[in-house]
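The following pair of complexes shares a single chain, chain A, combined with chain B in the former and chain C in the latter.
Our next item is the complex of A and B:
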């Protein structure tokens, strides 16, 4: 059970949240090629190390937010913690 | 007087004034308060306590704590639970236990015939033998023969499980000297501390040793530390509690087995700490020689524990077999005058190390020390009687004894460290694995860190905890190191197994899983030569044991056979739980409806009063399935309800339908984004059916949305998908459209509705009395109006999921039951009947209306379902639109919605049954999504998805119901009023 930093409520147990998978880059414009669209849709970053994920504080304040989670150690950072 | 033939006159920490009666395998025994089941059995001279997992060999108690590999018991009666190590079961009055793996008793075990077939049960036996025709044929009988304890049948009377959470700064696992010291320093620094110890009483190995701290017996130091910890309100101390799981972000799963509150059977803790100190100690390992599993062979540390903790001497003539210095402490203890006087004879030490490797540990011993000797075999039927020992010149001699204390060295208990994803390193001096790089905020101290000498382990603990407290901003006050008497240095020569076995000899590397040295060899010869493969092929280190006593021996033997270092072989993954855990302690109070509460409408009580068969109809909503009728079965009841709707009038409770109030400046634009079809020209007071897609072009939901005012909508969703739709909308608004002004209010439970449907529905609504003009001109199909119905504020919507004229009477929940009763009362002269969800299903299948989860699965798009018109050509921006277009551009054949008329004699075809080309056993070309008895067609009808289905109307296809072939004619997916004149009437 992860401990997640809700930007609104603070540190909370994972059971209060729903995971919504990898955070995607912004939705591409309508004029991208079909293959770019499919890539945006279906190719998540899957690495050993930090991945960006979307979480929803469903049983709390309802905030959607993005975290960076280390896939081995489960260390969690906010995306802006390393200069992004 | 309790008759305990193997109990010493004095000694031990048991209370000799409090005898405790218990039952084991149907016989009555007595022990004392403070005993474990294992120590009480040994005191009573019950040495044969179990049969082994695979071969049903006689087994006894080997350990004294969680490491116990062989004596597993099932607890009966009020303590019911399976697979407990007898060494961890506290003796309590009335305790009832029985051995696992033997029937009817360990002394006379019918399954022991497996031993005669032992050579047919090698590693990988099951994988090799039961492949044909199918594993499932053999599985039940194999499970029965090989299984461990059965799960208890009954609930625990008068007690319950409980869950607690704890959050703090420092969590210390282990109540031995280093754990206590770490907790003490942490508590003095002002931190919030929890210390968890799996023994009933604190002290760890100090309890079983003669060590001194600060010039006094070590247990006096322990008592002083405990006294201080217990007065600190920021310290939580759990005894008889095992931290069995190390989860993400420093969360530990703990089961407290004997909480102070008598009504709590066990308490599961979820404890999260800023930092974790693992002082989990070390576990002694076994030595591998022929018949090393015979009752009477125990770990040396266990013998010390039985002696000092329980006052039990489980043998009269004792030998020690060791490859290291630690077992000598036992020899010193056994030389004590009172033991000798009571008739215990220590016959000698067999040490595999050469004479010049043995140091100060032997000083003061007056017994034979057989240096550079090895035990080649243990002899005895159901108990140890003698040993064959071999000198380094190869001469073998026989020595009589009834207790052999073995020590193969110590393995740091790295289980939790490894569960926390830390890496391990092989330490040549310890010949074992020690913690290397931690992956979470934790530190190991003491023997768990490979520090085997007490004085240096304590010093190391102080510096470790002081530094890590400092990192978290806690300042620990100056601390004076407790002075412990110098103990001889730990020294070991690895001995992975004793050579010279004869064919058929069994030497166990993993006692619990019955894995022999031969099995390891066989696995490697057959090419399964990495540690992960050996584990799976032989089952070594699996199950309850999780490699506590055997794992390093397995690794050592693989290394030896492949001429590598154990460090190059590596370990398998240590998994949780560290010890067996009752599911109840994980679940706590959460079972049944307390996990996910049921949802009820205000009509539930009326439904129950009228005999409805209630069950879940999506998203935990309890709905009436059908209302049984006298003298008829379920199908008769459904037919009667369906006929009422088709030819008279019926009413159903539509309250669970998902409903959302969508408003705000950008509400119209948002509806436009969500739905594939156009809502721009929708008039106020009218509704429209829409389909919502996900980004990948799958159908997320369908439903009718009404326009209440400009930029104000009432959206309805399927019952089961309301939560998902809410999530979808909330995501879009927060993440993708953050500037938009749209407010979503779930109003599912704020509007209850009774849907009156059937040719006579309008008459019933008229009779109820309403301020709303319900003529077809004033309130056409898909219209809604607010007003008064039966003297109650109400909103009438004309939506139909039945194909008949329908009036949804929406009211506030507090009026719902009153409205329902009025409808039943006023409707009675019209023959109104309540309709359950089974009948709703029949009615919608007759009409070919879609149902999510039936026709709408994660493959079908709107074109496949015959509603391509809903994909507006101008709305390329609608979510999912592009993905549908891309998928369809491939031109591959699609499965399309069709009606089916199966040729059965009134029998229904199971939903989900595949349709295959010509009924052959090949890949399917579709499936039956729904099948009902149609009251209007007087025959069985079905809906299905069929490859290129719309072009195949009139064709006969074949449905396979397992081995049965059912012919069916393909039709249009509508069996009643295809033009929709009735529902618009």
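Our next item is the complex of A and C:
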């Protein structure tokens, strides 16, 4: 069971949240090559290490936020202050 | 019909748990009842969405101060403001006052981006208290309910036995439990079952 840091409510149990999938890299520009586009669209990155994920505090305050979660240790960090 | 559409209609009300008496269970050791539950029927509830600056106008309007921190409640007499989320608050007021209050708030904020919704009948408020109230709630809730972590004046939206609830600590051993009206019978049944070992009283 994960314990997640909601920016509004603080540390809460995973059961209150819905996972909204990986935070994807920015959508490529329109002049992108086909292979790059397909890669962005369909190829999942299966990282060993930290991944950025979106979570929704659905049964709490309703806040959407992004965290960095280590796929092996489940260690959780807040992403850097990059506006996301 | 127009009244119903704006939420200002005065309809005859039946509280969510009316007629649910006869659920009491004596404490097995013959001692004090561990959990007492009471429905706070028809207490006015207004859900307010908007930025903090808009909310401040409303808060001034009700005589309540801004809650001092996230997940806290502020009170002025019979009116309470429950800070639910970044842009959401729940206003509790005297039974029957909610239509008037909502209309005044909406008039004050006309032209701004906000929503004030009368949710009085959508939600049910239960007052749960007693020496074992924290032990009972802890059975179905992942929140840290230690008095040092969740004391009077604090509130939280969380999950109690799979049902979404808002828990407000009003005193050391007294909480307000706000659930959906349709979940009220389930929540009450669950509370009774969870409190069997402590004794249970439901005062309609």
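FYI, the second predicted complex is superposed on the first by the 80 of 84 C-alpha atoms of A that agree within 3 Å, B and C clash if a C-alpha of one lies under 4 Å from a C-alpha of the other, contacts with A are read in each partner's own complex, and residues count from 1 in each chain.
Everything below uses one rule, namely that a residue touches a chain if its C-beta (ideal position, glycine included) is under 8 Å from a C-beta of that chain, and two chains touch if they have at least 3 such contacts.
These numbers come from a predicted model, not from an experiment.
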First (chain B), second (chain C), both or neither touched by A:2: first
Partner contacting more residues of chain A (chain B vs chain C): B
Which superposed partner A:73 touches (first chain B, second chain C, both, neither): first
First (chain B), second (chain C), both or neither touched by A:18: first
Which superposed partner A:34 touches (first chain B, second chain C, both, neither): first
Chain B versus chain C as contact partner of A:59, first or second or both or neither: second
Residues of chain A contacting chain B in one complex and chain C in the other: 13, 62-63
Touching residues (chain side chain C, partner chain A) in the complex: 70-71, 84-86, 88, 142-143, 156-159, 164
Residues of chain B that touch chain A when the two form their complex: 165, 247-251, 270, 272, 421, 439-440, 695-696, 727, 730-731, 734-736, 876-877, 882-883, 886
Residues of chain A that touch chain C when the two form their complex: 8-10, 12-13, 15-16, 59-63
Contact set on chain A toward chain B in their complex: 1-3, 13-14, 18, 20, 27, 30, 34, 37-38, 41-42, 54, 56, 58, 62-64, 72-74, 76
